[in-house]
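Next come two complexes, and both contain chain A; in the first it sits with chain B, in the second with chain C.
Here is the complex of A and B:
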């Protein structure tokens, strides 16, 4: 008995799928007579079914970083990624002079990712936080990598200690002279 | 964040070494000064005057206890720039001014911030050895 009813139910379901999607649910009420409810076809999926935030982020990357160079600098699977301890030069495509400094922190936050550069001019420490997906920034070059990386990702503790950054630009010039 | 009682470095050759803020100008009722803002300060520590200095720099020298105006050129508190970058120095520093907002001194010894150019302190920017 139960099996039979189940089979009947399946039969009706399959027939429902095969029949056109506009169906009429007929039931009688005391005063209004027969009522017809229209059932519409589901709307096509937006963005071909990709989640909204993923779609937005992909578009941001496409707009701000068309060739994917900046994104690859933050990609942890990339062997030549930016790490704290690297010495970096940032060149701008406006008239701003290039910026040199040691990376002491990398903050990964999608298109809002930024790096904290520390430098010292005449024994005065200067820190600049640079959002690297800024369209004004043309390129980020890694000038020098340390022989051994420190065991922390954020090097805030080096401020004002003997590990602190020295005048990077003059030391780089010295190196160039030696190599020449 | 410079306010009452903040001690600042003075980076010009006016003779002052450390100054103490006693008033932030045009920031009433309660606020703090940042890069490019003017303050009134007291000279707390000055270089000893030597008789060898002559000319304009000698007449412009300040002593301990003098009350002078100053403009802030570096802050330890981070300031955001229009392009989204944030700059922060390791100390608070100022340059002394006269009543017409011109620097008293003839030399500036270290780095100043770029924001001063927007606030019409072009003379300080051109005197400074490095602008960041």
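Here is the complex of A and C:
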């Protein structure tokens, strides 16, 4: 029974490998003369030879961001990219209420990219790190851009200074009134 | 006198001949010869082994994995490429049963002995060959079997064995998490020192196994009960929850978790 399965497996293998021998390593022995060792061909390459990490990362982008909207937010060649200093709203597709805050830092790391949002509630500074490729996050909208960006990409130094985030909601309302 | 002896004779004969046996007694019992506790057979049977072999993978890096609920799991990517059974070891031949598994393809610098070994198994020359002990000969797989990533399923638990990154000659604080000596209060040029290594005249020597500075890393590390997060047999990879010791490109032995499966 086992032997039969052995033979069947060998048969399927030989059909897989069209040209079994790709090289013969020849060497001479004193008594037997020339000896030859068969070298079997490797199995066909997986993923048509693309490196695994490249494949996995591309596949993740396809799965987590099919439209490419989130990826374009981080793309540096995109003029409307997400920058620290922007005020954004994050909408979730579950029952979680939307989140508004100022971007302090953008960390680019493929599908592990995240932004650090800062807001103040009752004059208490609150920060939350948002992984933007998380499937729970439906949309990232830029509500307001600063008139002039600060000369740093990481705005950690604004914490607890006069540059700190104040009442975001009232400033947004002001903006709306002006536009109306 | 003789008269008394004659009357007692049958009784005496019965007593010393002991020919009276109970009807339930077993006349002859065959017992097995004692086997040494430290014999190879008994030690093999005592070992806690798995019923099937595992896989060899190569660590390729780390990625996040998001569940539909929005949970982010950091995962290690292990590549499973051309993993084939190259040889079987049996109890009759080798004293234990094991499956030899090879990974990948490598022709350069192969010895003629190894080329002959692979030719016998009708597989291409492998870049890495490892052995998986199995419980009995029933767990052996036919030579030439292609093992794919779906050997393990999502949600299963595995043990991972790999060689950790070498740290070189490391001090006692890095190697054994000692606290070192104080920053001030008279400590001179010995802030990261181990301090004392033992007593004085008793025992008069440093005890064996004393934690000291030395070579750190570069040894086998086994991670137990690690969850399999994602499997793709067609593209040849497994996602494992959390980090795996060793540099990217290092070989990782993947087996069923010994504490969960038998």
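Here is the rule we use: the second predicted complex is superposed on the first by the 142 of 180 C-alpha atoms of A that agree within 3 Å, B and C clash if a C-alpha of one lies under 4 Å from a C-alpha of the other, contacts with A are read in each partner's own complex, and residues count from 1 in each chain.
Convention: a contact is a pair of C-beta atoms (placed from the backbone, for glycine too) under 8 Å apart; a residue touches a chain by one contact, two chains touch by 3 or more.
The structure displayed is predicted, hence computed values, not measured ones.
When the shared chain is aligned, chain C comes close enough to touch A:41, but chain B does not. When the two structures are aligned on the shared chain, A:56 is found in touch with chain C, with no touch to chain B.
Contact with chain B, but none with chain C, is seen for A:160 once the two complexes are overlaid on the shared chain. In the superposition on chain A, A:125 makes contact with chain B only, not with chain C. Chain A has more of its residues touched by C than by the other of chain B and chain C. Of the two partner chains placed by superposition, only chain C is touched by A:64; chain B is not. By the document's definition of touching, both partners, chain B and chain C, reach A:134. Put simply, chain A uses residues 131, 134, 136 to touch chain B in one complex and chain C in the other.
Touching chain B in their complex are the following residues of chain A: 121-122, 124-131, 134, 136, 159-160. Listing the residues of chain A that touch chain C in their complex gives 2, 5-6, 9-10, 13-14, 20, 23, 25, 27, 37-43, 46-47, 52-53, 55-57, 60, 64, 94, 110-112, 131, 133-137.
Chain B meets chain A in the complex at residues 74, 78, 83-91, 109-111, 129-130, 132. Partner chain A is touched in their complex by these residues of chain C: 60-61, 63-64, 66, 68-70, 72, 77, 79, 81-82, 105, 107, 112, 115-116, 118-119, 122-125, 142-146, 235-237.
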